[in-house]
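Chain nomenclature is as follows: A, B, C and D, assigned in order of appearance, with residue numbering initiated at 1 for each chain independently.
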Amino acid sequence: MIVVMKIGATQEHLDLVCKRAEELGFTPHVIFGRERNVVGLVGIMGNREEAFRIENMDGVDKVVPISKPYKLASREVKQEPSVVDVCGVKFGAKDVVVIAGPCSVEGERQIVMVAEQVKAAGARMLRGGAFKPRTSPYAFQGLGEEGLKLLAKAREATGLPIVTEVVNPADIELVYKYADMFQVGARNIQNFALLTLLGQAKKPVLLKRGMSTTIDEFLMATEYILSEGNRDVVLCERGIRTFETSTRNTLDISCVPVVKAKSHLPIIVDPSHAAGHSGYVPALSKAAIAVGADGLLIEVHPEPERAMSDGAQSLTPNQFISLMGELRAVAIAVGRYM
Amino acid sequence: MIVVMKIGATQEHLDLVCKRAEELGFTPHVIFGRERNVVGLVGIMGNREEAFRIENMDGVDKVVPISKPYKLASREVKQEPSVVDVCGVKFGAKDVVVIAGPCSVEGERQIVMVAEQVKAAGARMLRGGAFKPRTSPYAFQGLGEEGLKLLAKAREATGLPIVTEVVNPADIELVYKYADMFQVGARNIQNFALLTLLGQAKKPVLLKRGMSTTIDEFLMATEYILSEGNRDVVLCERGIRTFETSTRNTLDISCVPVVKAKSHLPIIVDPSHAAGHSGYVPALSKAAIAVGADGLLIEVHPEPERAMSDGAQSLTPNQFISLMGELRAVAIAVGRYM
Amino acid sequence: MIVVMKIGATQEHLDLVCKRAEELGFTPHVIFGRERNVVGLVGIMGNREEAFRIENMDGVDKVVPISKPYKLASREVKQEPSVVDVCGVKFGAKDVVVIAGPCSVEGERQIVMVAEQVKAAGARMLRGGAFKPRTSPYAFQGLGEEGLKLLAKAREATGLPIVTEVVNPADIELVYKYADMFQVGARNIQNFALLTLLGQAKKPVLLKRGMSTTIDEFLMATEYILSEGNRDVVLCERGIRTFETSTRNTLDISCVPVVKAKSHLPIIVDPSHAAGHSGYVPALSKAAIAVGADGLLIEVHPEPERAMSDGAQSLTPNQFISLMGELRAVAIAVGRYM
Amino acid sequence: MIVVMKIGATQEHLDLVCKRAEELGFTPHVIFGRERNVVGLVGIMGNREEAFRIENMDGVDKVVPISKPYKLASREVKQEPSVVDVCGVKFGAKDVVVIAGPCSVEGERQIVMVAEQVKAAGARMLRGGAFKPRTSPYAFQGLGEEGLKLLAKAREATGLPIVTEVVNPADIELVYKYADMFQVGARNIQNFALLTLLGQAKKPVLLKRGMSTTIDEFLMATEYILSEGNRDVVLCERGIRTFETSTRNTLDISCVPVVKAKSHLPIIVDPSHAAGHSGYVPALSKAAIAVGADGLLIEVHPEPERAMSDGAQSLTPNQFISLMGELRAVAIAVGRYM
């Protein structure tokens, strides 16, 4: 931590800051500047939060943190990239992994048919929502356990591992029985009760960035899972909220190289939720692979016009097949497989 | 809903849109324009979401919603303002209600002392966190049930009703035993499992706006509670996330008159979390009362420099006393009591 | 400046950073931390920008600035608040100054009539646009010099000093002939050619915050004017762009106390452009005075339904009269006059 | 335009709205809904702005625009993509065009050397700033005409056409003498005096998106140039301002497919200003080509550590050479040349 003193702060102010820093377990180092002085606080990380209390002291302008707030997710702590294995599908290795499927599981015919179609096109995992957090209580909320059973049938039929969202900590056990990978949705990125329990679960987690979550906070959220012992976390960039309304969210494509620079964890991209319109999904999918993402999460529905949720952003199976061919070319161009 | 056709869309496109609208239960009305045509869809509200599927059809430019997505919270449905009563303290009536207390309950002496001090200064309710959702798993997470017991002791000592946050749906029963009002924090504004259960609980709810929640979404979130039968909801504006970093969040002061225009529910303001610096709390508190807020939620700590969380934004009891006098003058100037 | 080294940076990296810092004219002070080292750079302000080049060096994590980038606007440099005098109207003194008038000057009858009405209600200055920067080239762009002449007539009729926008550096001379105060609109906050010339002009400047300008950048923009010798700058908060769409912009009410803490310059608030709807203007005006603003800039039009620009956000003269009475009560409650 | 009436608006309200609409030159069409009524206004585009005045009338909830505010830039008006030719370099054709060079022209040796290096690596045009709009008046502001002359020397030496920024309308004539393409910087996207004059100039314009400009406003800004007769406009996405601070701006990669869907104009991407750190430039450049951009604008400096501006985001010539090879592979993968 660096304590920046105000211009005109007195020696007494400075002495009191140093004294308080020592009480908090830091060793203070004063640098006397031309305009103002600063105090470097050397100490262990645990005191980070307490150091901010110094900001209220007389003569102090601000406290600037130096250490990163996350540890286990940091590339400074673990330099080699992590590979997360979901029933043999590897995230963070040379392959770009495409997960595809409908927003919601709506029925057996729908989910099994889509699973077969996306598998044939080259998808490696199946997605589908059984518990849907919806902005309106009057909207379709998902089939619940029935949806999970249908996902399991689709897995039987195709061999594709399944990822599905868990919303309520009370449902973790139930979802665990059916899913191969838990998905945490954007709205739950700071549902710490849920994250902590998933940290104790024995299955990989796909963690979606919240729509107003900074990348530092995104990595902090993984810390809740990692610090409980579950190291199998895959991040997912899915767009952030900005002033721009042409797309549902603004895909923060830079999130991928930034996460790669700061963390060892794999990261994939969800172009469907970012765009909100299926017409933009192919271009954004190519951008995601080119920028270095380890995979994609794409919504595919047999009849988007009749989807019970997010129809506007779902590809048809035919559109998906044709996109997959284009994606392979981009993957190869950046030295990946698909 | 209004379906806007593209310039150059054919009569066939238009016919297919009308046909699909009828299948979805709407009566379509075509308006032939100079540049392009539009189709007005008349129908009941339940079909709203399905209508968006039309957006993917050929010849369609976009679908524009007309109805508001919330019902029970709407002033169009209930014109007279609602008053929410918490053990005799009335939100939404002529009085401006000040809730004060520390961010976290840290010990008996701390919470009882603060309760007495804020009561003496004119606060009408006590706040204090027992379950703290923190961005870092390494930060203080609250005292849990022990904290709730200490809050109850402070209530016994002062008679002030207490409001405290509930984070996990599994804790609702526990918090119910001690609290007079549930608080839902900004991070849980879209934790629909939690909101639904609170809608079934028999105590009032203080619902804080999420940091990237639009006002329409804020009112939609209340709908989860109201539609389950609990009509005692008080909203709380606490700042939104923007590009500005001088304050912790950007207090959206306009939220108060906008909510008053759109809804019958009471709304209060939390200047402490918005500012993030205690120095700005007095000015923002005055602005909140002047703009028409029904109350304030202010952090007060006996020794902010030693607070276990949010010390930088807490007032001292003396600062709070002096502020309360200034607030009374503003309340009277805008025709309220305090 | 503080140079934060990476965890694992070598002594050689550190030595090279110190050597480069000395070349740039700084004296480096190394603080050896537990996790990583930091280097404090002591030196004069002019080298600030160059120091960022160090960020690209091996072993460097980031460079953190410590000094504020603005000087003449800073309260650290000039502690007592500045008072800006426009023909006897004082901004930054005990009085809250209300400037009122239409968005655009549309005709003699309109502007003279409004001037008389707002004067009678207590406004101290008249606003009115002759050069209108419009998002669409197809929208009304103002009457130009003819508009300036009409403003001058309204001044003759009422004695109210006038403020009007200047958009193009080439028009400064022309506007100077008629106006008592130049207005720089939100779109020109970084039109440095314009700001520099206004710094050389001999009339006060009302500088509106840009819609994505941070408060630090806002103060930096004043530096362009102040450093050329013109010290008569009044700031104006008018809303920033965020994700919220209920209001035209999000009024950043905290900007007022933040500017008061960081700078000695007066600041007023424009609730009309922030709200975008006249219905919210009264509440926001009261909030602005309560938060400590030195004045208000309010749009008033004799017939808002027929205004050539911004009709939706303009008050009628009657609404303005009734608002002024309410504002006086708030001003007195916070120890100001009006 | 669609006028949405309030629930509970009377027939009289409705009649008055229809009457006013007719006065404004529209033909009103009422649709009677279950909850509320709406009025479709059919008319020519010029009345668009005036229609918003209806929003203030009794019984009106809001006015929703249907037509797009821009015309000449719209793909609905001109379906085939435009190709902009700058001395033989074609934007919007099959080739992906890379423009490279330093942020500022600093001296003859610097600019000529860089020009030769980037040409050898495959760049098709040279960039370099002679007039630099800087947030701080104390920062390097560019060499002015001397810089333009040095750019011309670099063109002579290499044959690369040059693009350089013009900031002040008064400098257009001067810049015209030296440059092959005008650049309008992000801060001037709403400097309408500048845009209008460039619309009358006889050279192509590279228009950078402002940091808080929506895509609709971006296209509106082109309308100022196009409507004056200059049809040679190339757009440039360079990142928008959001809450995320890991990168200097948030590259809105979706802007490319959105502009391609809405407009016929070519669009390129500036990954350097978006990232703010040279380390992220390669990944973002690949993403830009993959998403469908017609070109790139990349900062290259012979010694980034010694650059007078933006050193942190500049590539070295060697980094640029190696990047160009990688970019070619991506361009081919998406069916383009380079």
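Please note the rule applied: a contact is a pair of C-beta atoms (placed from the backbone, for glycine too) under 8 Å apart; a residue touches a chain by one contact, two chains touch by 3 or more.
Everything numeric here is computed off the predicted structure, so don't read it as measured data.
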Chain pair with the higher count of C-beta pairs in contact (B-C, A-C): B-C
Identified repeat of the A-D interface (over half of residue pairs identical), from B-C, B-D or A-B: B-C
Where subunit C and subunit D are represented by their mean Cα positions, the distance between them in whole Å: 26
Whole-Å separation of chain centres (CA-atom averages), subunit A against subunit C: 38
Centre distance in Å when subunit B and subunit C are each reduced to the mean of their C-alpha atoms: 30
For subunit B, residues that touch 2 or more chains besides their own: 45, 212, 241-243, 245
Touching residues on subunit C, where the partner in the complex is subunit A: 2, 4, 6-8, 29, 31-36, 38, 40, 42-45, 64, 66-67, 76-77, 241-243, 245
List of subunit D residues in touch with subunit C within their complex: 20, 45-46, 48-49, 52-57, 69-70, 133-140, 167-170, 187-188, 190-193, 196, 210-212, 217, 220-221, 223-224, 227, 241, 277-278, 304-307, 309, 311-312
Residue ranges of subunit B in contact with subunit C within the complex: 212, 214-216, 240, 242-247, 250-258, 261-262, 274-275, 279-280, 283-284, 286-292, 326, 329-330, 332-334
